[in-house]
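I have a structure I would like to understand better, so I am pasting it below and will then ask my questions one at a time.
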Amino acid sequence: MIDKFVASMADAMAGIEDGSTVLVGGFGDVGAPAALLDGLAAQGARDLTIVIVAGGRDGSKIEHLLELGRIRRMVCSFVRPASLAGRLYQQGALELEIVPQGTLAERIRAAGAGIEAFFTPTAADTILAEGRETRVINGKNCLIEFPLRGDVALIEAWQADRWGNLTYRESARNLNPVMAMGAAMTIAEARHVVALGDIPPEHVHTPGPFVHRVIHVPE
Amino acid sequence: MIDKFVASMADAMAGIEDGSTVLVGGFGDVGAPAALLDGLAAQGARDLTIVIVAGGRDGSKIEHLLELGRIRRMVCSFVRPASLAGRLYQQGALELEIVPQGTLAERIRAAGAGIEAFFTPTAADTILAEGRETRVINGKNCLIEFPLRGDVALIEAWQADRWGNLTYRESARNLNPVMAMGAAMTIAEARHVVALGDIPPEHVHTPGPFVHRVIHVPE
Amino acid sequence: MADSEFQPLDRLGIAARIARDIPEGWFVNLGIGIPTTVSDCVPHDREVIFHAENGVIGIGPAPAPDAVNPYLINAGVQHVTLRTGGAYVHHADSFAIARGGHLDLCVLGAFEVSETGDIANWARAPDEPVKQVGGAMDLAIGAKRLWVAMEHVTKEGASRIVRACSYPLTAKSVVQRVYTNLAVLDVAPCGFVVRDMIPGLTFEALQARSEAALHREAQQ
Amino acid sequence: MADSEFQPLDRLGIAARIARDIPEGWFVNLGIGIPTTVSDCVPHDREVIFHAENGVIGIGPAPAPDAVNPYLINAGVQHVTLRTGGAYVHHADSFAIARGGHLDLCVLGAFEVSETGDIANWARAPDEPVKQVGGAMDLAIGAKRLWVAMEHVTKEGASRIVRACSYPLTAKSVVQRVYTNLAVLDVAPCGFVVRDMIPGLTFEALQARSEAALHREAQQ
């Protein structure tokens, strides 16, 4: 019997190695895997690359990982200069790759879809394109982009069943389904456990095969 | 008040021009826009490029358009040599572009997502790559592919509301939502008309802004 | 300059001016700042579908304080409501909307707009220590129409209507129209064309506040 | 060759042999032909999730004739059922599954497999007048494991286990294992390694039916 539920946070975090690339879902606090990020802090993996829309807001779980010195590199579309992430970067203690938000989502999708590179007009005419390959296609100047693959994705879901089928609530969907596809191991925290078949097959947001472990974290 | 429902097939087909590229949803008969293809035959546009998974099965609506001499070119993953499409191609009366099925879907998605080109390992080491640009990325030989944009998409849906929000039944989803994103004008035939709000926002399969016209075609 | 003879629009006035030009049925993304308030200026019975980058289609007005849904925010991380007929998509699909030409309109704020339609709205200098790009570059290249909402001049009195942007570009040759607190300007092949001015403002007074050359509609 | 001493597997026998090697929990796509019947050979209480390219996840057995759902087919356009726990996705997501490394296993039929793992299964000749590619190239490059199910030799007696494919390739260096009516062969760095043979068949008899050199497990 397939059963992706794990009994403890230690089981959920087992095997996450130093040096891993970790995709972290959510937009602001909405859809963010708060419990899993606490679990990651407790688990102790370091030298991490964190891929997230906006990195290290004051008081956030990412800021806490930064305080613990676990993050070597962040890939994101937004960092406040005055935040801990911004200060660490300016001190040379944190690597930062700033990526347009749509390109960030598309690069994660590319990893999940087996696309090895793509050309997009986004950022092609900007300083973010300096020193990188561009090409005029269909009359548009385009920039090449490569997949952002996660060793691990940490996501938040509303419902989960034992096959790992997931649903999301309202705008808590955001990057979670995309990251679920883009990582070798996807770990979800779900607010509700439902029986197999309770989610109608037309309403599954993330099919079970994209999900490797689920931990029940009630509201 | 936004109302994408049209009253007649003539209204649904209005403005489709000779020379158009038409994306046609469905896989076999499942999810195929049968009524719209009849409408296209009646409307009379010719010199068409048809993009479809499998082209011109005996007795199909596409075969009928071929009989009427409306199709100049087909882009698809599969054509039976003994079908009318296969015979017309061998007589030089039909252009054919054979595309791996996953690449076909991805090229249509690329058109809908603003991706101007992508590299995929699919077909890179095959005769389909002859004379085309390849590149080794991440240790894999990859083939460049370009978007397949539709002037028009003809799709089938289960439910539709006046904003054009759609749902699909079971495996009738197939290429329909992808093609809805990949065309300048998406025309849907829907089995059921529902009130705005009847489809819960988490369960919408194709959001209304991708859909331009809907015609009610009961089961 | 006879500043006393005209009253520049306030930020809500700019938003209201933009809202007048958005017809029913358009699919519209509003950037942070002045643009965000445009939706409040569209009458509810004119159905305009507002999109947020975080995957919300059909954003409605702000919720009552006692009716906040913590799972429903916009791209500015503000609590919002969903109109009847709205839908949710994931981030990659949401940016496919933005980048794939599905938005009838995007309205962004900016530091500067050039006479060739370049927009600079994300970084004050190329060597800014920490960059914050967000989704502006994706929206700027992808929408069918890009309009900019901004003050005509900076607090220091420098024009934001320029021959060439001095700040780092967000995107090149994409802006079609600019709404400022003084005027509505189209970006045409000849450069900026004045479509509308606030009452009491003269073309000459507007030109004096614009670094780029302005054209009258008839000149075009 | 003492053909009388062994009984080659029939097509269902090959499928059953493959089914034995598929553990619970795998996500599996089955190609047309022999592979399609593999799912019938997996006991229902061993949960294996079968995928079809047309966007079906969790395919179950064929329906009873009076319980056919006309909206539910597999990639071979046959009516199927959905297991409890299954889901539907659209074609681009379905091929993201195939191409993005999400399938634990894909089983395809083939004309030929080479000792370097090349597979030829879509065209009989480069100059075939009409080409029928389908989804095989996508599946072949994308699955974590690619196994092939086929007869060991053609009706004309030619081996399908070859040094280099003579038919147009579907994909290069992708096959990991071949199940024929005579044997199970792994594609290893040294070439084909015999993992299993049907009762009564000798290594020499198998080699005689294989154009490529075979290796015993110990030789590897």
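Lettered A, B, C and D in written order, each chain numbered from 1.
As a convention for this text, a contact is a pair of C-beta atoms (placed from the backbone, for glycine too) under 8 Å apart; a residue touches a chain by one contact, two chains touch by 3 or more.
Everything numeric here is computed off the predicted structure, so don't read it as measured data.
**Q** Using the touch definition from the top, list the chains contacting both chain B and chain D.
**A** Neighbours common to chain B and chain D are A.
**Q** Looking at B-C and A-C, which one has the bigger number of contacting C-beta pairs?
**A** More contacting C-beta pairs are found at A-C.
**Q** Cα centroid separation between chain B and chain C, in whole Å?
**A** For chain B versus chain C, the centre distance works out to 34 Å.
**Q** Indicate the whole-number Å distance between the mean C-alpha point of chain A and the mean C-alpha point of chain B.
**A** Here chain A and chain B have centroids separated by 32 Å.
**Q** State, to the nearest whole Å, the distance from the C-alpha centre of chain A to the C-alpha centre of chain C.
**A** Centres of chain A and chain C (C-alpha means) sit 30 Å apart.
**Q** Take the average of all CA coordinates in chain C, do the same for chain D, and state the distance between these two points in whole angstrom.
**A** Computed value for the inter-centroid distance: 55 Å.
**Q** Scan chain D for residues touching two or more other chains and write them down.
**A** Touching at least two other chains: 82, 88-89, 92, 95, 98-99, 141-142.
**Q** Hunt down the residues of chain A that sit against at least two other chains at once, touch-wise.
**A** Chain A, residues with two or more chain partners: 106, 109, 113-115, 120-122, 140, 168-170, 173, 201-202, 205.
**Q** What is the shape of the graph in which nodes denote protein chains and edges denote touching chain pairs (line, ring, star, complete, other)?
**A** Chain contacts: none of line, ring, star or complete; other.
**Q** Under the stated touch criterion, can you name all the chain pairs that qualify?
**A** A-B, A-C, A-D, B-C, B-D
**Q** Per the contact definition, I'd like the list of chain A residues that touch chain D in the complex.
**A** 1-2, 109, 111-115, 161-163, 165, 181, 196-197, 199, 201-202, 204, 207-210
**Q** Quick check on the complex: what are the chain B residues that touch chain A?
**A** Of all residues in chain B, those touching chain A are 106, 110, 113-122, 135, 137-138, 140, 142, 146-147, 167-170, 173, 201-203, 205.
**Q** Considering the complex alone, what residue numbers of chain D touch chain A?
**A** Touching chain A: residues 24-25, 27, 47, 49, 51, 57-58, 82, 84-89, 92, 95-102, 141-142 of chain D.
**Q** Over in the complex, which chain D residues touch chain B? Could you list them?
**A** Residue list for chain D touching chain B: 52-56, 69-73, 75, 77, 82, 88-92, 94-95, 98-99, 123, 126, 128-139, 141-142, 168-172.
**Q** Per the contact definition, I'd like the list of chain A residues that touch chain C in the complex.
**A** Per the touch definition, chain A meets chain C at residues 27-28, 30-31, 53, 77-81, 86, 89-90, 96, 98-103, 105-106, 108-109, 120-128, 140-141, 168-178, 205.
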